[in-house]
Structures are given as C-alpha cells and as structure tokens.
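For reference, chains read A, B, C and D in written order, and residue numbers begin at 1 within each chain.
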Amino acid sequence: METKIPVGILGATGVVGQRFIQLLEDHPWFEVAWLAASERSAGLPYAEAARWRLKTPLPSHIAKMKVSPAEPDGAPKVIFAALDAGIAKELEPRFADAGHAVVSNSSALRMYPDVPLVIPEVNPDHIKLIECQKWWRQSKGFAVTNPNCSAIGLVLALAPLHRAFGLEKVFVVTMQAVSGAGYPGVASLDILGNVIPYIGKEEEKMEEETRKLLGKLNGGAVHMAEFGISAQCNRVAVEDGHTESVSIKLKTPAKADTIIDSWTRFREIPQELGLPTAPPQPVYYDNAPDRPQPRFDLERGRGMATSVGRLRPCGLLDWKFTVLSHNTIRGAAGAALLNAELLKAQGYLG
Amino acid sequence: METKIPVGILGATGVVGQRFIQLLEDHPWFEVAWLAASERSAGLPYAEAARWRLKTPLPSHIAKMKVSPAEPDGAPKVIFAALDAGIAKELEPRFADAGHAVVSNSSALRMYPDVPLVIPEVNPDHIKLIECQKWWRQSKGFAVTNPNCSAIGLVLALAPLHRAFGLEKVFVVTMQAVSGAGYPGVASLDILGNVIPYIGKEEEKMEEETRKLLGKLNGGAVHMAEFGISAQCNRVAVEDGHTESVSIKLKTPAKADTIIDSWTRFREIPQELGLPTAPPQPVYYDNAPDRPQPRFDLERGRGMATSVGRLRPCGLLDWKFTVLSHNTIRGAAGAALLNAELLKAQGYLG
Amino acid sequence: METKIPVGILGATGVVGQRFIQLLEDHPWFEVAWLAASERSAGLPYAEAARWRLKTPLPSHIAKMKVSPAEPDGAPKVIFAALDAGIAKELEPRFADAGHAVVSNSSALRMYPDVPLVIPEVNPDHIKLIECQKWWRQSKGFAVTNPNCSAIGLVLALAPLHRAFGLEKVFVVTMQAVSGAGYPGVASLDILGNVIPYIGKEEEKMEEETRKLLGKLNGGAVHMAEFGISAQCNRVAVEDGHTESVSIKLKTPAKADTIIDSWTRFREIPQELGLPTAPPQPVYYDNAPDRPQPRFDLERGRGMATSVGRLRPCGLLDWKFTVLSHNTIRGAAGAALLNAELLKAQGYLG
Amino acid sequence: METKIPVGILGATGVVGQRFIQLLEDHPWFEVAWLAASERSAGLPYAEAARWRLKTPLPSHIAKMKVSPAEPDGAPKVIFAALDAGIAKELEPRFADAGHAVVSNSSALRMYPDVPLVIPEVNPDHIKLIECQKWWRQSKGFAVTNPNCSAIGLVLALAPLHRAFGLEKVFVVTMQAVSGAGYPGVASLDILGNVIPYIGKEEEKMEEETRKLLGKLNGGAVHMAEFGISAQCNRVAVEDGHTESVSIKLKTPAKADTIIDSWTRFREIPQELGLPTAPPQPVYYDNAPDRPQPRFDLERGRGMATSVGRLRPCGLLDWKFTVLSHNTIRGAAGAALLNAELLKAQGYLG
C-alpha cells in the first residue's frame, strides 16, 4: 500500500476547516498530519480548540491531535488554507514563500495575476500559472485558489455552454445559505422569517471570478472572458445550498435540448482521471418543473455536483434557468480538495 | 355622520377574505354587510365557517354574521372578490352582470381587454375602461381588478422611473412569502430550510400585468407598455413580504440621486385625494446597505408602501436595486380596497 | 443466494409508505413486490401515483411498478401498513382475516387487547400475543403494531431504567417535528416562527402506549405497567426528529453513573440476533451539556437509535433528561420493519 | 402640563436597551435624557453607536443623542439598567451607591436578600425592601429588579392560583425564543430546523425566582414560597415569545372553571392605579384547543399580558396548561418599566 501524502490545515477550527477534516477522512491520497489555528488554540488538543459542528462524528485521532501555531515551521509540504481573507493575505504568501503548496479557499489571492483560480472541470490548464509565481522560482512553493461558494455552482453550469455556444451576457440573482457566512456567522434574529438582500463584496467576487475562471491562459496571464455579467446576492433561511436564478445570452443560438445535452454530457479531466473527490457527473439537469431545491438535490455527487433545472426562454436574453450547489462542499472544502487532487495528478505535489 | 356604504365579500373565509374584514374594520366609508363563501360554509355564523388566521381579533359583529351563498341575490352593490381564479372566472361576471361593482383581487379577468387592471398611484385613469364593459351598459355593473401580489410592489417602484425616464428593460427575480399561496398553501415540509424555484403562472402574470399597468389607455383599449421584461419567481421561508432583486435599463440616462428623488417624491391621486387606505408616501428609499428586509420594512404605510434600497450600477443594464412590499396588504386586500376608494372618489359607487 | 420474502406496502404513496420503500431497498430478507394505495392511484405506475419526497432517489424498479387496489386479493403474505387510522381500522383486519401478516404503523389496532404493540428491544415477547388473535386461528393471518412516533424514543430511553430500577412516575413534554404529521401535513403559515401546543390525540397515545409497551404479558393479556405518566405535546419548526424533556421517579434510587450505564449497555434480542435494521447500540448518552439536538444526533444508528443527554437531578421527581429520536425512521417505517425482522427470526413469516 | 421625569438607560445599545427606548417614546411620565453604553460607544451619537433592530423607527431625537460613559456622574436619578449580568454586578451597585434609583432587568442582584424582585401584579409590597438597602440609608439610592424572561409569564399565570388555592408543585418545560439571548445571540446555524435543549443557568433562575416572587415579605426579608418546582429550558426557532408547558398540584382542589375564573378576573395594583404600561387584563385564557401560539397571541395587552390555554387534567399532578408571554416586552424592558411606574406611584422616585 502506497504511503499517503501528509497534509496540513490552516484555519482548522472553523466551518471550512472542519469540512476539510471530514472530507479528508479515509482519503486515498492524503492524510491530515498537522492542524493550525489562531494563537488562542495553539497547544490545545483539537477537540478542545474546536467546537465540532458537523453531523458526522469528529474522528478520534483528529480529536487528540495538538493544534499548532500558524507558522510554516514544521508544517507539511501541502497546506489546505481555510482562513479569513484578511489573515490569508498575510499568511498564505508566507507559507508559499517557505516552499509549501498552499491550496486555498480564501478570496485573498484569487485575483492576483499569477495565482491560478481553478475549477478542475472548467480551467485545469490554469494550474500552470503557478510556475510564474516567484515563490515557485525561489522555493517550489506556490498558491492555488478556488472560487467563492456562489461562483462555483454558476460557473460549472456556464462552462459547458460557454465552450459550445459562447456566453455574451449573464444575469444572476442568488439566494444563499447561512453556512456560507461561517460560524457563528448570521445571527438567527437576522434571518428567521427574513431575507437579507446584501452580502459584503459577494457580487463583486461573483462577477470577476466568473470571468477569470472562464478566461484563457495565454503567455503567462489569464485573459478574462469577455461576456457581460451582473450579480445580485441575497441571504435566505437555508442551512446549506446556494440557489441561483440565472439568465443568459449566447453568441451562437442553441435549442433547449442541445443545452441540456451540453450539461448532461459534460465531463472533464477530473472525471477522466477519476480524481477521488470528482463527481462522476458534474452537472445534472432535472426535468421536474420545481427543481432543483436545497432539500432534495444538495447531495448529488456527494455534494460535488451542480444541479440545474427550469430551462425556459427568457423575455430579455435567450434562456433562464435555476442552479443549485452545495456551498460548503463544492463551494469550499471540496473545491480545494479537488484542486489538490489535480495538482497531485499533474505532479506538482512532488 | 354620513352613512357608510354597505359592502360584501366574496370568498370571505380565505386568507385574503380575512384581510378584507380586517382592513374594513373602522373604515370611514365602507362597512361589511354581507359575507359569502362556498356552499359548505353557507348558513353558518362566520366564526364557525372560517378559521381566523390574523393577529388582530375577529370583530365580534363579523363573528356572528351569517355566511351567505355566493349568489348576487341579496348582495350589496359593492363586492370585494377574493376568490380562486377558477371560481372567479365564473362568478365575477355573474355579479357584474347583475349590476354589482366587483372589486376583484383574482387573476381571472385581469388581462381582459375591457377590464381595468389598476394601481391607483400608477394608472388611475384606466378606471374609465369599465364604461366599455357590456355589464356597465346593461346594468351599471362592472369589474375592476388589482395586480398579482408580486407585480404590485415592482410596479410601484417602476412607475415613477417609467414616467421620468422611460423603461427599456426590466429584469426581476422574486423571493416570495408563503402567505402568497393562501392557507393551507405551502406545506411546511416543502419550505423549512428550503427554496422552491417555481410558482405556477407567476412569472407570466408578472410580465404581462406589469406592461398593462404601465400601458396607456387610448380609445377604449390599453396599449401595453413596450419595454422588455423577464421575471423569475421563487418561494422562500418568509411569512409575509415579497423581496425582489431588480435590474433596469432606462431610455433616458439618469443619475442615482435623480432616481431616488423620483421615488421619494412620488405622489399621485390617492395621496392628493387623501384616500383612507392610501399611504402618505407610496415609495420609500432606504440608504442602509442591507435594506429593505421583510423583518423591518414591511409595515411602512401600514403595509401599503413599497420599500426600495441598494440602488447601484448594473454590469449589464443601467441600475439594480431591491424592492419589498407586503403581499397580503398592498399585494391583495389593501390593493382592492384602494381601488374601491378610488371608484368611490370618482363617483362610480353611486 | 437465498430467495427474498416478497412484501407489500399498504398506503405506499404517503410519507411513511415512501420510507418503507427507501428502507426496503437492498434489504437482505425482504423485497417489495406489491404497492397499494387509494383508488385514485390504483393502476398507475408508482412514479405517477406518488410525489416522491425523500432525499435518496426513487428506485427505478419501484417507479415502474403498478399500484394495486388496496385489496387482499393478489397481495403477498407480508404486508407493511402505512394507512391513516380511520382506513386502517377497516382494512388491516380484512388483510389479517385473509391470512396476511399485517405489520402496521397505524394507531388503529394498537390498544386492542390481542394485538401486540411491540418495540423489539423492549417487549419482544409480546409478539406471541398474535397467537391469541382469531385471525391466526382461522387463517394464520395476524396483525402486529409499533407505537406512535413520540412514544418510541421515550420508551427506548425508559425501558432500561424500568427494568433496572422500576419506574414510578414519568413526565414528558415533546417538541415534535412537522414530518410527524405527514404530507402536506402542517401548513407553513402555521409553523414558521411558531410553536403549536397541540397535536390531536397525541398525549393520550403517548400515555397509554408507554404503559402497554412496558407492561407484562401474562396469560394471553398485557398487564399495563403501573407507573403514573403525564404527556404534553407541542409541534415545532423542525423537519425530522422529536425532542422530549423528560422527568422520572424511580422505585429504587439510582445514581447518575448507574443510569447512564443502563442506557449505554442496553442490548436486546435485535442486537443479539443481529437483525438487519437493528442499531448496534439502541440508546446513546451524550455528555455535552447541550445535546442531543435534531441537527446533529438524528442519524445515529441510521436513524434507529435514541439519543439521550442532560441527565441531572429533578427538583420534584428524581432525574430529568432530554430524549431525541427520528420520528419517521425509528418512529414509523423503521419500527415496523424491525418488527417484521423479529417476526421472521421467530418463524412467524413461514 | 406636568414635567416628565428624566431617565437614563444603562446598556442602551443592546436588544433590551433598544426596547426601553421604544417603550419610553411618548411615555406620559418619563423621558429619556441619558444613554450610556460601553467605552467603545461613548461619545458617539446613538444612531452610530447602536445597530437599531426594532420594527418601529429609531426616534430622531434619540438618534442624535450622544452616548455617555457608564458612570454615575451626570446621570439622572432614575436609571433603567439593561446590562449583562457580569457588568451589572459591578455597575448597578455603583449607581445605587451614588444615589440613583436603579431599575434593573439584569439577573445580577435579583437573589440578593435586600433587593426586591418584583412583578407589580404579583408582589408589589416587596418594593418596600429597598428601604433595607444600605444604599437607601446612605444616599436614598436603591436597586429594584424584575425576573428572568422565562419566569415572568409563568409567575403571572401561577400567582392567581397560588393566592386562591395554594401551589404545591410546579413542573415547567419552556420553548424559548431566540431574542431572549440578545443580539447577535443564537447563531442561525444553531437553530434553523433545530431545538437546543439547554440555556445556561436558565433553569436555576426560573426555579429560584419563581419562589422568591411568590414568597412573603416578613420583617425585612422575603420568605421563599415553599412549593416544589422543576424547570427544563429549551431554545426553539421562534423570534419572540416564550411558550411553556406547565403542570401543577394545588393545595386546595379546584375545578377548571374556577381556575379559569381566577385567571380572567386577576387584577392588581397596576390595574387599579392605571399604571401607563399595565395591561388592562394581565392574564387571558383562550378556549381554543390549540392556543396560545406565539404567532397570534403575543401582542395581547401590547405585549404585557400573559396568555394561557389548554387547561386539562394532568395524569400525575392536578392540572396542565400552556403559557405564552412576550420575552422582550413583558419579560424584559416592559417589566422594568412597570416596576418604575409602581415606584413612581408609591413616591420612591421623589
């Protein structure tokens, strides 16, 4: 039996850090060897430092593992980063600089010109961008990021259409789950029986990340895709699962059947390589008139697939439809994990 | 003291029928004199026929009132109709034919060419259309309708802009309250922790009613306003209050200040005449970055005002913003009541 | 490979009927061979007759199966019954009379003197009561029932204590999930942001079923256990999982450690025989001060285990604690399925 | 017109502080003259220091008022205190010592032998206890407290029965609203679709405060009422309104009618004196089988009345019933305000 690659988790006690632990349990390639969190937690056994918030039990070997300070010294080569943007901006470069492979879920570095923002089914070739990073040149360290939880489901639904027909315009209005805001995150008094029509910086992230993800790598730089996009983001009383009402205009006209076909047949490198976390089918289309819904469709592909439904003509653009994806699996920890699997498959993890 | 005009309520036991009773209590012009419901209820005291579902107590004189069969015979001249569309299509014409003034909240007749679809602040002149109805010619009976609960908030926000700058395109995605579906309506198992991305016929209603309301009466017919519109409708776990994410393109460019000014200063006939149910200010703009919200902003103008917020540039059209309005007051019973007040002020109630 | 026993489901389209289908998929002993529902559904493929409401997909062979009329003729020997009490009262005896083994989740026959009300971990010996049924004598048909969804979690927590120390008094207040009321069941307008302090006949069922389950079989009759019990039942905005605040007085005083031990070590015939649906450990005690909670603890033992927590002294009786169990798995379909497994193990299914 | 008494609010920016501001607007006797909060807020206009979280708008003169440091110096004689217990324990005595009338909602001093814990309808005579305080003797300052939000509704329902028949035993299980935990308080991820069977120190407070409130003042000390009491406290997904399942044993047997009569006719000093915040009828009994419910019954007596329903025999004690009261009005700010009105009426505010 092959030896597993030891990995570390930066920000291990938060909501996304916990998901990393959960998804890495029994992972065929990686095993958690190092957990880091804020100074307050350092030195404590993980079970004391974290308030475990997932439905599956905290693995007992993790419970006993001592939390390390968030310093590169002593950390394994591969680091999953689940930090708040402010801290990430300072810490992630330090780890990359010290020779670590930083696989980050934070927004801090996503739009840096030489940092790949990657969804393995969408733009796996962007990974190469890490070779342009000064960290790589100096220490073979690097940083790779995945998109915001609201962008990733959308982009998985858009990618097959962009390839086949070209996107010209994209409208999207989100209804986002509270888990997207971390823990404690949204106060119950703010969301019970309510809608909050605002999530700080979310609309900007959706608009720019979508265009970078669907952009082209060319001579060491990503040329942003050139379609227009407008996003409006709302928070609703749902625990997990971002639902999005989308409307699009295509460059080449397409019929409903052809569009649905593009979604259903969409397969890419993660599926071809059989990456452990890759969903067998990344995009599902549901014919029922009232789907997808968070209650029923969230767990497709163990939370890694995007569900689409209600394709119908749009009175202004060409087509409108509904997208749903799991914001803390496909939209966070699962996204970074799949990025790490792609890096491993391409030989970047040594 | 003037004698009040006796009014009847068709469909008095349902959610909207109950709101009529609530809003008509202590009304300065009208008093409830007749309540009708399905055969099963006819003959019973109202308190037994209806399961009262509002927070204010059932008025005791209404509790004792005997429910009549839904027949024109014996009914007062003025009838508020809160029937399901299927029944309304058959019953409302019978009442109009028998000489009654039918002030309806149902969708059944809204798009009939000679039936006015009216918001008193928006298109009060459309009321005249009733004189084209055959019922009017035969018996001085007529039917007037108000729009769907999801259209009315939107149109109140659009009307001042359409007048001042001309609308060219309108995108709208709704997050609608469960009370919009009546009682029992949406099952709790369908909506707790969930979003349902579908409400039957709602998108079609929003698109066509909006254009009729903002259309022009010309030679006995309404010419639909000619802007493009695309609606997507979702149900969320909110009791009362429809929130809408809107994006618009104007014919004449306008700055944010000017747009906010158009909303804030918007006053029309109902305000000029001081109609009893008219809100002093029909549209409020809130500068806070995260408003309006159902929890806080629903009761403005006693549920008759529309709240708007988050005006910001749109990446595809000109401007995007959020609209909130009370779906069972401004969006249903209050809308019909204000129509009746306009009819009275214009001498149509005799 | 052994042939599986064909089973039928009466009331196959409802919430509990669907759970039966879900739990019977890949069952090692039973396979669904017959589905029956109301006349309206008879003759339709199941996928058209039922609106599938579970998170796992409807198995495709079930989707195509034609729904039969609810008649014994042509039905397999073993019948799972998921009918409303009113219909069950008439239909279940007809099936038993025709020689079927009716394994029922309905309340209709539960308190009949010769009908066993059974939880396999609690009173497996009561099963013998079926040999006193006239159906058994005439046709080897019989009926076995499982308790109400609110009683079963409670009784699993009480049984080890009753055996070890004797119960003298039991107080219980429930906070029950909406799925207990079936579908559509509780209207969203009734439960969003609300508590309903009333569930029809639930308190009576809890009180009498608990005493029958913990009673003794003696000479062909069950002698009800003789402790006092008082139940108060409330509905809360939770999808699945009944939480109960319990207080008890024991005949023999016991310390906290001993009580927790009684729960933790509790094993019975289903565990000894390794019945397929039996949870390895029927009762879990959680030391955390704020557990059990529906969100985290519902799936223990794949929904078949009861969770207990917060054991602390009671100011009036001896001890108070909190109980949680899954109302549509352990509290309904899973309960009946475990009864059927016990019947099979004891040779009653031929 | 009489001059109003200037009052101050300690902890003015929190949830209860905001309720004080709301309830004091247009108060006939008091007017807000001073607002204090933590150091961070001192010096800011109130609108900047607080995030206003109530449905009625922030009064404009309050919005502009500058927040003072939480020091007695410069504060008015009468102080409403809405502080966390830890801070209250230190600050409230300092204000009392400096000659202020501290009317507190905090738990810090409630169980001090010489601090009155008062519900004006229940034990108005306990107010005299302030004359035993050393602060009174030294500076005519004093402190008066009101009970916990979960105790007050219960005690209002128990008081008429205790007087008429004598209480012997009280069981109570609560289902408490999230607003009881302040803001941000309960995380949405903790309560959506969930029940939390634990609220820190709540059960202890309910048990001891209930007995102090129903106790007798005798020779400068309160003799705790001697009935047994056991409380279990749960948090549910409700915004406002604590629902409680109660069971009682009386010393003198009483019939249902007599009990209901005791509730319905209950009137005390606040009603006799017509204190401005006193509800005309402190306890309502509702005959409907499924009431009271937070959705419908919370606003009785403008949030100052307690609703009771479902009186029925108890299998263990004598009677069981359901109690509902508004936790941030009657259970917090309104309770303190009514205490202040009683103090004024009895001449303690100078």
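Definition applied: contacts are C-beta pairs under 8 Å (C-beta built on N, C-alpha and C of every residue); 3 or more make two chains touch, one makes a residue touch a chain.
A quick note: this is a predicted structure, and the numbers were derived from the prediction, not measured.
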Query = Which contact partners do chain C and chain D have in common?
reply = A, B
Inquiry  = Among the chains here, which has the CA centroid at the largest distance from chain A's centroid?
reply    = D
Query = Just curious, how far off is chain C from chain B if you go by their C-alpha centres, in Å?
reply = 47
Ask   = Taking each chain's centre as its mean C-alpha position, how far apart are chain A and chain C in Å?
value = 41
Euclidean distance of C-alpha centroids - chain A vs chain B, Å = 42
Task = Could you list which residues of chain A touch at least two other chains?
result = 190, 192-193, 237-239, 295
Message = For the complex, give me every residue of chain A touching chain B.
response = 169-171, 173, 175, 190, 193-198, 207, 228-232, 234, 236-239, 241, 243, 245, 247, 289-295, 309-310, 314-317, 320, 322
Inquiry  = For the complex, give me every residue of chain C touching chain A.
reply    = 55, 192-193, 295-296, 299
Remark   = The residues of chain B that touch chain C in their complex are 53, 178-179, 183-193, 237-239
